[in-house]
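Heads up, there are several structures right after this.
Below, chain A partners chain B and then partners chain C, in two separate complexes.
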Partner chain A sequence: MDHDRLMKDLREICRAPEPERKEIFFQGLAERGVTSGRPTSISHGEFILRQFLYIGKWVWLSSAVLLLFITWICYGNNGNYPFALTPLLAAGILVETERSFRWKMAELEYTARFSLRSVMLARMFLVGAVETAGLLVVIWAVQPRFSYSFGRVFLYMMVPYLSASLFGSVYERKHRTDNGWGSIVICLLSSAFFAAAPYCMSSLYEEQFAVVWLAVFVLLIISLGSSVRRWFLEMEEPAWSL
Partner chain B sequence: MNLEEQYDRIYKYLYFRIHDRHTAEDLTQETFLRFLGSRTYRDENRQMQYLYTIARNLCSQYYRDKTIEYRFDETLDITLSEDFEQSVVERISLMNALQELSQEEREMLFLRYVNDVPIPVMSRLYHISRFAVYRKLKKILKKVMSEMEKEGDHGS
Partner chain C sequence: MELIADRITKQYKNKIAVDRMSFTLAKGVTGLLGANGAGKTTLMRLLCGILVPDSGTISCDGMSVGTEEYRDILGYLPQNFGYYPEFSGKDFLLYMSAVKGITGKDAARKTKELIELVGLAEVAGKKVRTYSGGMRQRLGIAQALLNDPQILIMDEPTAGLDPQERIRFRELIADIGEKKIVLLSTHIVSDLEHIADRLMIMKDGQLIWQGSRSAGGEDLEAFYISKIGEKR
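Here is the complex of A and B:
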């Protein structure tokens, strides 16, 4: 049997009786003023804001608690230790992202309207933006407690946070079904590393190394962007079940 | 997107899944009411995908509520009587071949070749790449052909 014949037979087999109430239905819609058939569109900003509701409350709560804890530690004159706490902030975004992948089915209808990539990117952007904004407020509030400039405090806070985000995102990309524990461990290890680093290299926070911190910061931003891009390109992979 | 044209296609899809004219039409109307009632919508290129997703979810809900199982062969007698000419044997063998497919495979075949759903829409509907949709369809057609040939061999 050739292809065209097969398709013809398939259409015949799957033929359905004519719908009976179509005209009445569309008349009813017209009477109610629903005739355009074009649901209201929303802006990108509104779309991103709507994602607030879908992000776990514990993410916002844990981030807020951690930011307050960092502020409190900074006010306690604890040297450079507060900088080592920022990687823990990244755990929220990583575990939330992992959770969304794990429960992809629950979001079926929502993602059908916006595509999974848009939803995931919006959530990553939201959590990342709110956490970064929170960190900036903390940096602004605690900077006078340090002998460093605002820029340096910013770098010392952001580099550990971005490094945990980068390594966590690489890990999550490769292991998507471990309930997020891998990311938490990565954040803890990253935190431990930055807490121990000054003991191995006492000049780490000296002014001469500020350029190195800046270079690492830029490198981390580029790497994180590249990692997220690869993540999104590979997003269809788990469904590849031929 | 022409809503009236889509109404026919969604109805056809639901009839294919449910095999009951009235229920299929009820669910078609419910699909459109939900679709039109949705006040938040961003990407207009995805309207068709959204329609099929709602229809598919309603269909799953219908089967869940009724606690009955999907049976493809319920349609066979009805459709057979429509055109009883020379290709009856081939159609019977095609229907038997379709019964050998999984529900998802039958659905993919229906969406692509009966309802003419574009590949990009199917790709988003099944959360797989376009290339994967092509390969799956090719594999399903090959399976159907081979089942039909097997049937033909047995018949002769």
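Here is the complex of A and C:
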């Protein structure tokens, strides 16, 4: 095959399709563009709700399976062990925060109107809210199986969950990885800690310590809020390794 | 509308990636030339608000680059970008519309228009992972145009495009550049020969030359090489 023929064939193979309706597109830009006033923008609330569609399905699936498993364990009269399972729920939120980096969408999201911070916050809020609501339903369902009040079961479930969330968020802020394995290990370690804790301190779940659990709960909420805030203030750093 | 950078500097550890650069971008296409590692991508990330300058300011008609208001009129095509694995080309544009804050009805309309414009109508429903490099790049160009940006910043936009696609891309950018601020970086001089109104040349983090395209003369490649070779 001579060179000209080869070039002709290559051109034919590599030919990109002609843009369609190009003139109409540019006419549309002139009519509806920013200069003539942008007609449509969604609110922050709508933005958060729309993010529901883009959270990984495995997050919802694993959370649902885990919540059902916790309920089943509670019904099996397994003492205080069910409380040690809630840190595993936090893995879903923590790994979800890595999704933009894992799939190299972060740079595009950084520069969009709602920015990467909003995307991550929205997803954390949605997954956290759904998981907390799920836990409340589980607590309501299993509380009669325990000799503790509703409030105490709530604290015993939420403190391990928030602990894993806090330590995971600190880890992700300092050692961000694209696969989220660090967060998963932290959740597993938190779970192991709360499973072993009653052996070291047998009175841990006694009523006299309820006030300590409450104080730790409040402290964890404040620390988690502060950690997430710092995380988002320091988000420029990961941009260097995008 | 003008995008003004005033003595911006960005240092990372012991490397000065952008060194006291000042310039003003107005309507039209500005080409940013420089070798790999010259600081083009860092400069573009600064102009997009992804990175914050260590000193100096960047503003557009009084808007700071870190604001939602600024991002609302910004279109950006990064050098490398990915996609969520479950996305088709259409899903990708609808997702970017959501993050850009465009309502569902307008997002569907803009997505359809842009998919046709970049010649992806036949494969819009297919997964992005099945696209060729050139098709992904065209998808990237489409997402940058979703919000009718007044400022369009494109980092190596012609990378991965075949010769025919490059020509069509140049025509598209030339059309867009008539009414918007367009900054595109490249290390391929021929990409800019026919469409750039202005040129900026970077070397080792510094802006070593800026001026109109016509000042570069007929042989832009020779002009660029002579500027890069000059000692400061």
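The rule is simple: the second predicted complex is superposed on the first by the 194 of 242 C-alpha atoms of A that agree within 3 Å, B and C clash if a C-alpha of one lies under 4 Å from a C-alpha of the other, contacts with A are read in each partner's own complex, and residues count from 1 in each chain.
The rule is short, and it goes like this: a residue touches a chain if its C-beta (ideal position, glycine included) is under 8 Å from a C-beta of that chain, and two chains touch if they have at least 3 such contacts.
Since the structure is predicted, the reported quantities are computational estimates derived from the model, not experimental observations.
Contact with both chain B and chain C is seen for A:Phe47 once the two complexes are overlaid on the shared chain.
Once the two complexes are laid over each other on the shared chain, residue contacts for A:Cys200 go to neither chain B nor chain C. Using the contact criterion defined above for the overlaid structures, shared-chain residue A:Val119 touches chain C, although it does not reach chain B.
Shared-chain residue A:Arg99: touches chain C; no touch with chain B.
Touch criterion not met for A:Val211: it reaches neither chain B nor chain C. Residues 11, 14-17, 19-22, 25-26, 29, 34, 38-42, 46-47, 50, 104, 108-109, 112-115, 236, 239-240, 242 of chain A lie in contact with chain B in one complex and with chain C in the other. Interface of chain B with chain A (complex): residues 1, 3-4, 7-8, 11-12, 15-16, 21, 24-25, 28-29, 32, 35-36, 38-44, 46-47, 49-50, 53-54, 57, 75, 79, 82-83, 87, 90-91, 94-95, 98, 109-110, 113-114, 124-129, 132, 135-136, 139, 141, 144-145, 148. Against chain C, in their complex, chain A makes its touches with residues 11, 14-22, 24-26, 28-30, 32-35, 38-42, 46-47, 50-51, 54, 99, 103-105, 107-115, 119, 236, 239-240, 242.
Contact residues on chain C toward chain A in their complex (touch as defined above): 12, 45, 48-52, 68, 71-74, 76, 78, 80-85, 95-96, 98-103, 105-106, 113-114, 116-119, 121-122, 134, 138, 143, 147-150, 161-165, 168, 172, 175, 179. Those residues of chain A that touch chain B in the complex are listed here as 1, 3, 5-7, 9-17, 19-22, 25-26, 29, 34, 37-42, 44, 46-47, 50, 104, 108-109, 112-116, 118, 236, 239-240, 242.
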